[in-house]
Amino acid sequence: MDSQLLLRPAVIGLMIFIVFNALIIASAILVYAERKVMGFMQQRYGPYLVGPHGMMQPFADILKLLFKEELRPKGADKWLFTLAPVLAIVTAFAAFATVPFGAETTLFGLLDQPIKLGVADVNVGVLVVFAVTSMGVYGIVLAGWSSNSKYALFGGLRASAQMISYELSYATSIAAVILLAGSMSVREVVDAQAGYWFGFVPKWYLFLQPIGFLIYAIAGVAETNRAPFDFPEAEQELVAGFNTEYSSVRFALFPQAEYINMVTMSAVATDLYLGGWHFPGVPEYLGWLAFLAKVGFILFVYIWMRWTVPRYRYDQLMKFGWKYLLPASVINLLVTAALVLYFNA
Amino acid sequence: MTSPLIALIPLLPLAGFVVNSTMGKRLPKSVSGGLASLVMLASFAIAALTVWQLAGLAPDERLITQTLYRWMSSGEFTLDVTLLVDPLSAVMLLVVTGIGSLIHIYSTAYMHDEVDSEFARYFSYLNLFAAFMLVLVLGSSLPVLFVGWEGVGLCSYLLIGFWFKKKSAADAGKKAFIVNRIGDYAFLLGMFALFAMFGTLEMRGIASAVAARPVETGFGVLSLATLLLFIGATGKSAQIPLYVWLPDAMEGPTPVSALIHAATMVTAGVYMIGRNAVLFSHTPETMQIVAVVGAATALMAGSIGLVQNDIKRVLAYSTVSQLGLMFLAMGVGAFGAGIFHLYTHAFFKACLFLGSGAVIHALHGEQDIRNMGGLKKYLPVTYWTFVIGSLALAGFPFLAGFFSKDELLFETFAEGHQILWAVGALASLLTAIYMGRLVFLTFHGERRHDAPAAADAHGGHGHGHGAHGGHPHDAPPAMALVLIVLAIGSVGAGYVGIPAALGGHNALGAWLAPSFAPPVAAGRAVAGEAAAEAGGEAEAHDEEHIALERTLMSVSSAIAIGGILVAAFVWLQRREIAANMARSFAPLHRLLLNKYYVDELYEATIVQPVQAVSRDGLWRGVDVGVIDGAVNGVGAIVNASAGVLRRLQTGSVRAYAGSLFIGVVLMLGYYLWR
Amino acid sequence: MIPLSHYLIVSALLFAIGTAGVFLRKNVITILLSIEIMLNAVNLSFVAFGRYAGTVDGQIITFFVMTVAAAEAAVGLALIIALFRTRESLNPDAFTSLKW
Amino acid sequence: MPESVLFYVLSGVMVAASGLVIGQRNPMYSVLLLIVSFAALAGLYIVLDAPFVAMAQMIIYAGAIMVLFLFVVMLLNAPQEDAAGWDRVHPLRRPGVARIGILLAVVLVAELGWALSKVVALDSPVGARADGAVVGSVRELGRVLFSEYSFAFEATSVLILVAMVGAVVLARREGDA
């Protein structure tokens, strides 16, 4: 039926649009939330002047940044200096592409075929997310290198080293989940977590993979360069790290990319470990709300951690990553594999 | 039947060897020596047990085997390492382990002056020897026997050259080793010949195969094979022409001379022939040779022994001559008698050697009997045991040697070799004489030996022996004990084989008979017949046989006593007679003193040419010219070519890559072109 | 649909480019990169062939090549670092102290 | 049709990027361009419906190996290629060698082309299998990889281990633990 023929692409386009803006808004909200939470944790108000409860603060910030002058240090590499933030933000957005955030729906009968909530559903979705995020490092590294400043360079170096080191544990912990679900499509992983054990415990991999989840969380924090692993921009040591030399929009893109990465990370965590949009007592068509709630919670933990945990020392970071996290994740993977083999055979 | 115990008999001494050779350096003498003796005693116990089992069986089934593992297997030829105990090897077992243990014990005292490491080394060698000797005795196939054969050769080399810092000792060791190799070479050839003929090397297999054949008349392949084996035996058992190493072997420690060069190893040849009795009895020609060689050796060695002045050398030559007698017995087919003599000889000869050892020990290394004499009152134990041993050796009536030797001579005579009998009798006369000479010169008369020994004794105070001052002291308890035991043995050992002539019924002969008969597989009839033929008077004794034996017996006892009396007369009463005779028969005397110049003969005919060829031909010619030339040539070529090729090493990575790619392109091009 | 030959031509081109790079560049790192290019050219043809033959073997081999490439990169870069420390240069022609 | 368009675009990008890689004097750019070319290659893999290989390409090559290169370039603060250290002592080290190199490359291309022309049935398109099974399915890959190629797999793992140790040993400064 031809209306359907037009409708479906339209809906997909709409979904892309929604996701895109959602991410932007999310980053804005995160800016606000971060400062509010920080204030809350430090027994002060945080932003409260601009708008009700200072809710307009992020937009004010963005405006300010937009009207700043674009500086580029002399001797900086023209192309890469510009390319870097773009790369960062693009990868940040792209990474979310294969992350589903809701069950199949017909939008209340509007479509005769149900459509999947999520931009794309690839049969190796997990890998896609992983691949794109691993591209994200280039933004930071290039920023650090191209701005021709030693602080930035250090930031870049640290970023690259740190990301290589933690990608391993990250991937390994995910691999365990893939083993459990027997699929690399994020959606199938989520659907594998539907239902309950003994009727009330939701079948979330969080319960099957507590260690895996922990490793994933830690590695994720390191991947997104968040405290306590925010070495690329360790303000106490490297002024502002890789983005020292940046200003205006170019600068704005970095924190935004970082926030979006956080969101992606949390979303993936939700899909892989927290049963995605499945939640006891929440109907399918409202699943995306549950999803949002979970993501929100994880993000809160992110911020919470930043303001409570002190930063590591760099050598400690490396040591931890290679000598404890990686072995732990490998063992976790092996044990999982053995168990899967045992119970499937 | 089979028994798992047999393997332990050689393995125990081997274990002792391993321990002593590896950690012996750090062990105190008491431990290393004690351990060595202990393992010997243990294996003696097991051997006794096994023999007991054996005795429990019916005469025809007296056979205990144990197959250890498949040694080699190529084509249709397979060879298992099988240990076998039958009456014959049973006797040898008891002799080796028994005498062996005694001598181990004796050595703990005798070698006590050595430093710990040397002490341990000595005992490790001794144990190793025991192990190999037992393998030799137990081996059921020629190769296994040969392993033991070579092994004891090695040990004898090691032990003769034990004091290798002394050049004469080292040389003697080498001499023994090389001379033995000659014999072993022949032995190997013999083995090959037998294998070619019978396709097996299992001695029982060969025996049954031979038993099926007719006795070989004339000198055929079989005779050749046996002759080769016999040559091997002459090497090991010091017969003409290969006896020359044994006298020199006296350079080794005296207990070694007693164990290896008197009691056990040198009898290996005799044993080997006995083990292959069936085979040999099928080749009369070889038997003839064996008998003649044996007789000749007996006479020759005896005559040499007559004039030697070194106490141990005298004993050595007497050993050679006694071995000669044994071979004589073997040669005339009196296997039982031969083994019987072997067995008694082990006792009194060991006793004598250990006695001489005690003397030497007492005189701190003095070996020349001209410097001895009058030791009787200083060394009572040694003296009496020595006398008993000598009497037994001389064949004094009703001592061990008497029975065996008479048995042997009688058999010779009864088999119809009167001449050989005469020679044997002469040899035993000589034996009696030189033993008498030895005893009288060493122990009787007044003490001739002078300051040095006494000084040694005084010096000896320092290191704790020479209990009573100036004069030598008797053997320490361990040695004394052993001497006494052996002396008793020399007296009593003979009584297992009392001939029918004396109302006995040669138990030993009957016991051994099955071993010389073809295996039961070859048919009871043959076995019985062979037993009758080999074991001698197991049954069927008619009167004149006994009469003859009695006469011969009286003759030889007369010989023995006469000889001793002569010796007593000459060397106790009228010493000058000896000198006069030496003077009047000067050439003969010199000839004897120089042992018929055999060593010189070999030196001139064999050693010199070989050395010349090796030095001028092989070394100067082949080695220097060809081999070194080739090696250096190769080196030079490589050098030269490298000088050119290294030009290619530009050190530029991309140059290398370039050559690589040129290669790729060319290869690809070639394959496309085809 | 694309004929197999096109894939092969592309891969051949890449390989040639890599070859040329090895010769042209005077910078060890770039040379390593050129080698990577060659490896990937080969990978491409492997996968193409595998697809053509309808088997997964091509892809499997690709994995092995990747692994080897990773190892090679790790060791190679370590070497480069070590060399750079001693020679202060990345020019392969600077490392010629072993020549005749 | 879209697939072929995709193919030509991607291969064009890849060849161009690779060409630029060896055209750069600055290793930084070389590395980045190589990443681009790898991304294009990954695209080609997807066209060849081998998505897993494509992702592996992105993660391992672009994501890890290239970052390693980048890291080294930054660490050594990549000096511009020095045309100086270029002694003309040895005949094989003249710049002529470079030209020989190009020549070789050209010959190689020619030969490869020739080889292609000789192979039969190349113009039959690479398509999905007759039975329509998805060749690239991760499941099948894994099965084959761990059954038929298990030995090679183990060997490779050992290789990786060795390489790891070697890298650590090599890159370590003398004296520090």
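Order of writing sets the chain letters: A, B, C and D. Residues in each chain are counted from 1.
By definition in this document, a contact is a pair of C-beta atoms (placed from the backbone, for glycine too) under 8 Å apart; a residue touches a chain by one contact, two chains touch by 3 or more.
Computed from a predicted structure; not experimentally measured.
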In this assembly, which chains make contact with subunit C and also with subunit D?
B
Strictly by count of touching C-beta pairs, the top pair is C-D
Could you give the separation in Å between the centres of subunit B and subunit D, each centre being the mean of its C-alpha atoms?
79
Whole-Å distance, C-alpha centre of subunit B to that of subunit C, is 76
Centre-of-Cα separation between subunit B and subunit A, whole angstrom:
92
Here the gap between subunit A and subunit D, centre to centre from mean Cα coordinates and rounded to Å, is 30
By residue number and range, which residues of subunit C touch two or more other chains?
19, 22-23, 93, 99
Overlap residues in subunit B, where contacts from two or more other chains coincide
650-652, 654, 658, 661
Overall pattern in which the protein chains touch one another (line/ring/star/complete/other)
other
Complete list of chain pairs which touch one another:
A-D, B-C, B-D, C-D
Partner subunit D, residues of subunit B touching it in the complex
650-652, 654-655, 658, 661-662, 664-665, 668-669, 672
Which of the residues in subunit A end up touching subunit D in this complex?
77, 80, 122-124, 127-128, 130-132, 134-135, 137-138, 141-142, 144-145, 153, 156-157, 160-161, 163-164, 167, 171, 184
Residues of subunit C that touch subunit D when the two form their complex
1-10, 12-27, 29-30, 32-34, 36-37, 40, 43-44, 47-48, 50-52, 54-57, 59-60, 62-64, 66-75, 77-82, 84-85, 89-91, 93-94, 99
Given the complex with subunit B, which residues does subunit C contribute to the contact?
19, 22-23, 28, 31, 92-93, 95-100
Name, in rising order, each residue of subunit D that touches subunit C in their complex.
3-4, 7, 11, 14-15, 18-19, 21-22, 24, 27, 30-31, 34, 37-38, 41, 44-45, 47-50, 52-53, 56-57, 60-61, 64-65, 68-69, 72-73, 75-76, 78-79, 81-83, 85-87, 90, 93, 97-98, 100-102, 104-106, 108-109, 112-113, 116, 119, 122-127, 129-130, 135-136, 140-141, 144-145, 149, 152, 156, 159-160, 162-164, 166-171, 173
